[in-house]
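What follows is a short report on a single structure.
By written order: A, B, C and D. Residues from 1 in each chain.
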Amino acid sequence: MIQDLVILCAAGMLVSVYLMVGQKSLVVAIRLYGVQSLLLGAVGIAMGLAEHRPHLYVTAALTIALKAVVIPWFLLRVIDRVGIRREIEPFVNVPASLLLCLGLTVVGYRVSLGMAGGSQGVPHQVVGVALSMVLMGLFLMVTRRKALTQILALLTIENAVFLVALGATAGMPLVVELGISFDVILAVMVLGVLVNRIVDRFESMDTSRLSNLRG
Amino acid sequence: MSQSLLPLGLAFHATGVALALVLRRQPAACRWAAFLASLGGSLVSFVLGASVLASGRSVRGVLFANPAAGMSVGYAVDPLSAWFLVTFAVLAAPVAVYSVGYLAHAMPPGRTAFVGVAWNVLLMSVETVFAADGVLAFLVAWELMTLATAALVATDHESRPSRRSAFLYLAMSHLGTGCLVAAFFLLASGSGSLAFADLLGGATAASSPWRDVLFVLFLVGFGVKAGVVPLHVWLPEAHPAAPSNVSALMSGGLINAGLYGLVRVGAGGLGRPDPGWGMGVLLLGSVSAILGVLYALSENDLKRLLAFSTIENGGIALMGFGAGMIGLAAGRPELGALGFAAGLYHVLNHAAFKGLLFLGAGGVVAATGTRKLEELGGLAHRMPRTAGLFLLGSAAIAGLPLLNGFASEWLVFQALLRGFFSAERLTRIVLPLGGALLALTSALAAACFVKAFAMTFLARPRSRAASEATESKALLLAPQAFLAAACVGLGLFPGLVVRVLAGVAASLPGFGPQDAFSGGLAGMTIGIPAFDHLSPLVIVPAVLFGLGLAAASGLVSARARRRAPAWGCGGELSAETEYTATAFAKPLVMVFRGIYRPTREVSRFESVRYFTSEVRYRSQIDAPFELHVYGPATRAVLAAAGQLRVIQAGSLHAYLAYVLVLGVILLWWLGGLP
Amino acid sequence: MTTNPLPVALFAVAQATGFLLLAPLLRGLIKKMKAAFQLRQGPRLLQPYSDLAKLLGKEPVRSTTASWVFVAGPRVYFASAIAATTLLPTIFAAAPLEAAGGILLLVGLLALGRFALATAALDTGSPFGGMGASREMTVGALAEPALMLALFTAGLSAGSLNLGELVRRTAERGTSIHPGEILAAAALFIVLLAEAGRVPVDNPATHLELTMIHEAMVLEYSGADLALVEWASAVKELAFMTLLAGLFFPIGVATSLAPEALAISALALLAKVFALALMVVLVESTNAKLRFFRVPELMAVALGLGFLALAMRFF
Amino acid sequence: MNLLLATLAAPLATAGLGAIPGPRRPKEAVFLGGLAATLALALATAGRYLAGETPLAFGGALRVDGLSALVLVLTAFVGVLSGLYSVGYLERNERAGFVSAKRRTELLALVPAYVAAMLLVAVSNNLGILWIAVEATTLASVFLVAFHNRDTSLEAAWKFLVLGSVGLAFALLGTVLLFASGMGVLGEDMAALDWTRILAHAGALHPFTVKLAVVFLLVGYGTKAGLAPMHTWKPDAYREAPSPAGVLMAVGMMNCSLYALLRVHIVSRAVLGPEFSGHLLLGLGLASVLVATPFILIQWNLKRLLAYSSIEHVGIMAIGFGLGGEAATLGALLHMTYHTFAKPVAFFSAGTLAQLHRSSDFDAIGGGTLGRTPVASGLLLLATLMVTGSPPFGLFWSEMTILKAGFFGPHLAVVAVFLAALVVLFCGFFYQVGRLTLGPDTKPAEPAVLPERLDLAMGTTLVAAAIAVVSAFYLPDSLVALIRAAVRVVEGA
């Protein structure tokens, strides 16, 4: 029954990514990321209940605090400062993007079938969802022009990884997880700093303009 | 004692390098130190080679080792290596002496040290190439040789031609080296050993499935250095671009490195060769010889002319090797021995007369500051000694009797014609045809060097520089005299050379002692019963008798006192009315226009209708291989590279897309079902 | 052949002298016969001798621009011709100096002569010398392969490239009427025309410099220098005819030193040379000189004949 | 105190002190002293290993075996060189009159921090710590790429960071999956992610999951190593980063990422046999060599040229490891060592040229530099000889070792293509360097060009060159022993 809950949350995260692909407002995208992180936290709690691993609660709490609250807030601040609220025309239009993402999901699931069979096999849905999220996140980074969207996509990929960590392995060793989360935050900060500098310099957050270095 | 000779010789060169660096501030001292050291090194390697040739026993040892890679550089001097060491020393020693005098006024003092260093490194590496006992030693020396040569070619790097030709040389050489690396390792993958003794003993390759591939790879790899058409493109560029002393060494000494390799693999090194291989080598040799001499003939730049004739002589040597391989393939080692002996003999002779000619040319260029035949002329009056030596060299390279060129070409003829008796139908006709081509080659060479000598030294000077030239110094003339003496000696006593060569041939894998040819002081004899023989000494009295008669004619006639200007059909003869180098070659260019494909344009200017006031004539022969093969190839590669620029077009999105695509591909490749 | 040096030397000197003495006669003979064909009186048979004598007496005048090369040229040319004669078997089936070498050495010596004369011709600075030299070398370059192929055919069929050995073997085998050898002989004959500077390749009698080859080359020579050149050329021509006769029609060649045998072979040789001279005359009188750039075609024919000969003989 | 921890602490402390603003001389003294101490400690640690013990820390989370020791020493060595050059580099900038104390503080803090992170990579025995360390190197180097704060530096930094983060995300996913493949057998404690334990339970891991993990790990750490097609950040980053940082990225970072790749390779061969990851490495390596080729032919910027050269070299090493077997692995590790010696010479001499001409673009530098800056140009030519693998220099030997192993092995086609690419690369590199250094001096005595003088930076270059040349003929036995030990680790013997 808890397994189903986990899978449900995973599915919810997948949906959130589809929604991200499906619209252009940066604010909504950030909110969606927040929701996605909440679901991730939920997965953590569920697994904690299932496996009786108290440290998973810590992880979950940390995830929700950081990824559902701090980071979205930070990113919204960046937007306000920059004053750009919509993603301009992406390289691939929305309907096509959605179709391609379906394809990517297929790829992810196809691979995840390999997991089920193994003796210590893990629920392949979770891995399937995670892999598709990774691919879709990367796809978002490829097709979207705004630096902020790319950061969000990157964070989505990060969430996918944690989904595997929580949903499929019932948590990595705590020290490692703390270290990783810390690094992730730092990365986001650095990215944010760079975005600020870029915006100051180029009066734009459109990374497709950053193409002076060729050959 | 003989174990220490090669290291000793290399030590001499190393000392040369060190001294050149130390004394770089005093050009004069630097010159003497560097080149006397190199002279010492050459003498030592000559002694080493001579002792091995005399005793017939190989000398081996280790030079240096790279413990980390577990690789070591050893050497083994067998008679074949010894032959090439001696050949190289015979040329390198006099050229070293020449360099001392030549660099004094032909090289900016600042570059003396550089030349001294590169020169000694070059000699070191060449000697190691000939002495290497394994793949790695060989490849190291081979690469060092290439780099040192390129550096020397680029000595005058401010001039675009030098830079260009140095790079062309590097590029072509690396094409070759790549082939060699592949060939050697492919060959070694059979036995697992990298020692020549195991690799090129014949057995390894005989069992290899890659035999033909191996031979082609070797042929390309060594062919580049030997200047075999169509891999020769670098040669006529690089040889003239280098300082004349280096040109002499490159032409007379460095192409031998390629020929050496071809003998190693051709003479049983890959087991008994296929008849096809022999045919191929013979064909390449003939093509190189003919094209080489034809382009030399049409060339009006003295040093380029000599460079093209180098291609020709490499071709002649290859014809000998080809005949040898055909004989070997037909299971007649004695014929094989004859062919290889002929080729090796020609290699030695070429070192002598081409060295002589390049040194002479260097003297001329230094004295007049020009290489263009059209701007030379009349130097026989101003530089009589140089002229005499150059004439002797020309006669030798033209294959005229009593000189060494004739002796080795004679031997090549024998190889071709003897092979005729053994082999099957196809070779019965191909070999004598090769003989005819060789005859054509040497006749054309005669024409070519009549032109080279006459246009440089005879009639009136065609430029101010030529009319004010002065004779070279003794330091430049002595080495030429030495090489001239070598030309005469090697021409008058072929029997002694052949006797040595019999030993060399016998030492090759798949040969062993045979009686295809024998030699003595009297001369050399081919075949049993005597198919043909040559003892120049016997004809010398006849020639002297003729000269005596001619001189005697002077007694009966009134003595020649009067000198008068040559008859100019009423007009005044001047440098302008002389027969030009272009005009001299014109008839043959017309005859062979099918090969030359000259572009000619005649433009008439009519001041009054029907009355031509002026005619301009332009004729140009452009190099076909550069034009139709290498040029397009290079452009294609660069164009392709330019197209690939889009990979790195600066778009982060594209870069991320690569990762995405890779990820999808890999995941799909993993599949899902366990 | 003997190996004792003294007789060899005598033999050589004798043969060389013989060639020197008879060569002008051949010239005279050909001139005379040509005249006869043209229904002219023509110069007397011995005229060439007087010409040589006159030239030898005269003082050579040399160009101001000429160097020592100009002087050396004719002498080397002469010497090489003399040396060449000592390699030929004439009336006795052995060459005086056959110990020196064979066909290849012979060709080499002729090439040496050509090289020397062409080089010297370029020394005067007169355009004619240059033109002559250039053309001479061109013709020579084209003639040499044909010559080689023809000689190879003879040599290979006899199994030796040494003229004495070759003639001995052909002599004991008797004349072969193999078509291959006839073709080879034809090729050699064409080469003979080229080397001797005969119509249709060259015209020894012309006085229009632009059409000359040999004559243009030696235009600047006078007196003894010229005499040497002319004499050597005559010797060369005779040598070629002897060679042709000896290689392909060795009828009556003496294989022993018996006087009557020698007498017979001497007569036979004279007859053969006369026949060849007649052929030369026929060709000269019935053909016009070719344009220079048509000459290569003729040489190509000779080359083709030589190759065909080889092919027919051995393929 | 634990020697291993000291080795890591030294550069960290140096970084901390470097971050404190202060007078120039003492700062530089601390900086150089700290890096020198780091090298000394690294050598000591390696010595401990050679003496037979295995230095550990944090209960085995940090562990030094042969491979770690080798990478540790090489990285510390490059750290010292880079440190010396950094000081010289700042001196020059002051001479040219464009440098601020803030910039100096930044450089003096970031370089040791970067070194510390790389050392941590080299000694981490734990997948998680490895990942954290690599991420740390990325964060430390981002600011080095953005150092000059030009438009282009921002662009390069952004690309570097985004691509790097994607790569790291992949690596993290791989790590998690590897952990997942061992659910139940590895346990949950910290040590569950230790190589030692994973290898101990290799048999019990779920093969397919391991495959999946290996793919993500190779792509992830391959991005940091700059294997094609994840190499795209390299040319930009190398061009923008100051030369001292550039050499840290080109040599130190490359070695460390290769270290990570090797660890993955070792696990993969323990679970799946040598083919799986071997073929992946072979493919990525060949792709890198092939990608580098055209861009060297058409290159327009000196430092980008070096970047493509290092893409080529990482490809060569990957091919070596991918071919597998004693000989090829030895060749690849030898290549790593000699590359570590040779590349600094190239970077420093190129950096000098770039600094004196205030740009690293060929157009800006112009031809015939041999006339203007003979020493730097001569060193660049020497470095070209080394980097293109010409004898008698080290890289020639290592390349020959790899080629030999390749031709002896089953992958003839791959090796043939590889060899052909090497030939073209040689020609291309020489063409570019030739047209830069040779020829008539195109801008003689132009005021914009600073005069060349034998300052600290040049001295460092000379020292590096000397070391590189000597290393070709003589490697200290202890280093050879380390290399052999590393081979044993990789070959699992």
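A few comments on the model shown:
Keep in mind that, in the parts below, a contact is a pair of C-beta atoms (placed from the backbone, for glycine too) under 8 Å apart; a residue touches a chain by one contact, two chains touch by 3 or more.
All values derive from a computational prediction rather than experimental measurement.
Common partners of chain A and chain C, by the touch rule above, are B. With each centre defined as the average position of its C-alpha atoms, the distance from chain A to chain D rounds to 31 Å. As a whole-number value, the distance joining the C-alpha centres of chain B and chain D reads 45 Å.
With each centre defined as the average position of its C-alpha atoms, the distance from chain C to chain D rounds to 79 Å.
Between chain A and chain B, the centres computed from C-alpha atoms are 69 Å apart.
In chain D, the positions touching at least two other chains are 158-159, 162, 166, 170, 207-208, 211-212, 235, 295, 298.
Counting partners per residue, chain B has 645, 648, 652, 656, 659, 663, 667, 670, 674 as the residues that reach two or more other chains. Contact between chains, per the stated criterion, is found for A-B, A-D, B-C, B-D. On the side of chain B, the complex with chain C involves touching residues 378, 380-381, 384, 387, 391, 395, 398-402, 406, 410, 413-414, 417, 420-421, 425, 428-429, 432-433, 435-437, 439-440, 442-444, 446-447, 450, 453-455, 457-460, 523, 530-536, 538-539, 541-547, 549-551, 553-554, 556-568, 573, 575, 577-579, 583-588, 590-591. Interface of chain B with chain D (complex): residues 64, 66-71, 136, 139-140, 143-144, 147, 154, 157-158, 160, 163, 166-167, 170-171, 174-175, 177-178, 181-182, 185-186, 188-189, 192, 194, 637-638, 640-642, 644-645, 647-648, 652, 654-656, 658-659, 661-663, 666-667, 670, 674.
Chain C contributes residues 9, 12-13, 16, 20, 56-69, 71, 74-76, 78-83, 86-87, 97, 99-105, 107-109, 111-112, 114-115, 118-119, 122-127, 129-131, 133-135, 137-138, 140-145, 147-149, 152, 155-156, 159-162, 165, 219-220, 223-225, 227-228, 292-293, 296, 303, 306-307, 310-311, 314-315 to its touches with chain B in the complex. Residues 158-159, 162-163, 166-167, 170, 207-208, 211-212, 215, 219, 223, 229-230, 232-233, 235, 291, 293-295, 297-298, 330-331, 334, 337, 368, 370, 385, 390-392, 394, 396-398, 400-401, 403-404, 406-408, 412, 416, 419-420, 422-424, 426-427, 430-431, 434, 438-440, 472-473, 475, 477, 479-480, 483 of chain D touch chain B in their complex. On the chain A side of its complex with chain D, the touching residues are 53, 111, 114-115, 117-122, 127, 130, 134, 138, 141, 147, 150, 154, 157-158, 160-161, 164-165, 168-173, 175-176, 179-180, 183, 186-187, 190-191, 194, 197-198, 201-202, 207, 210-213, 215.
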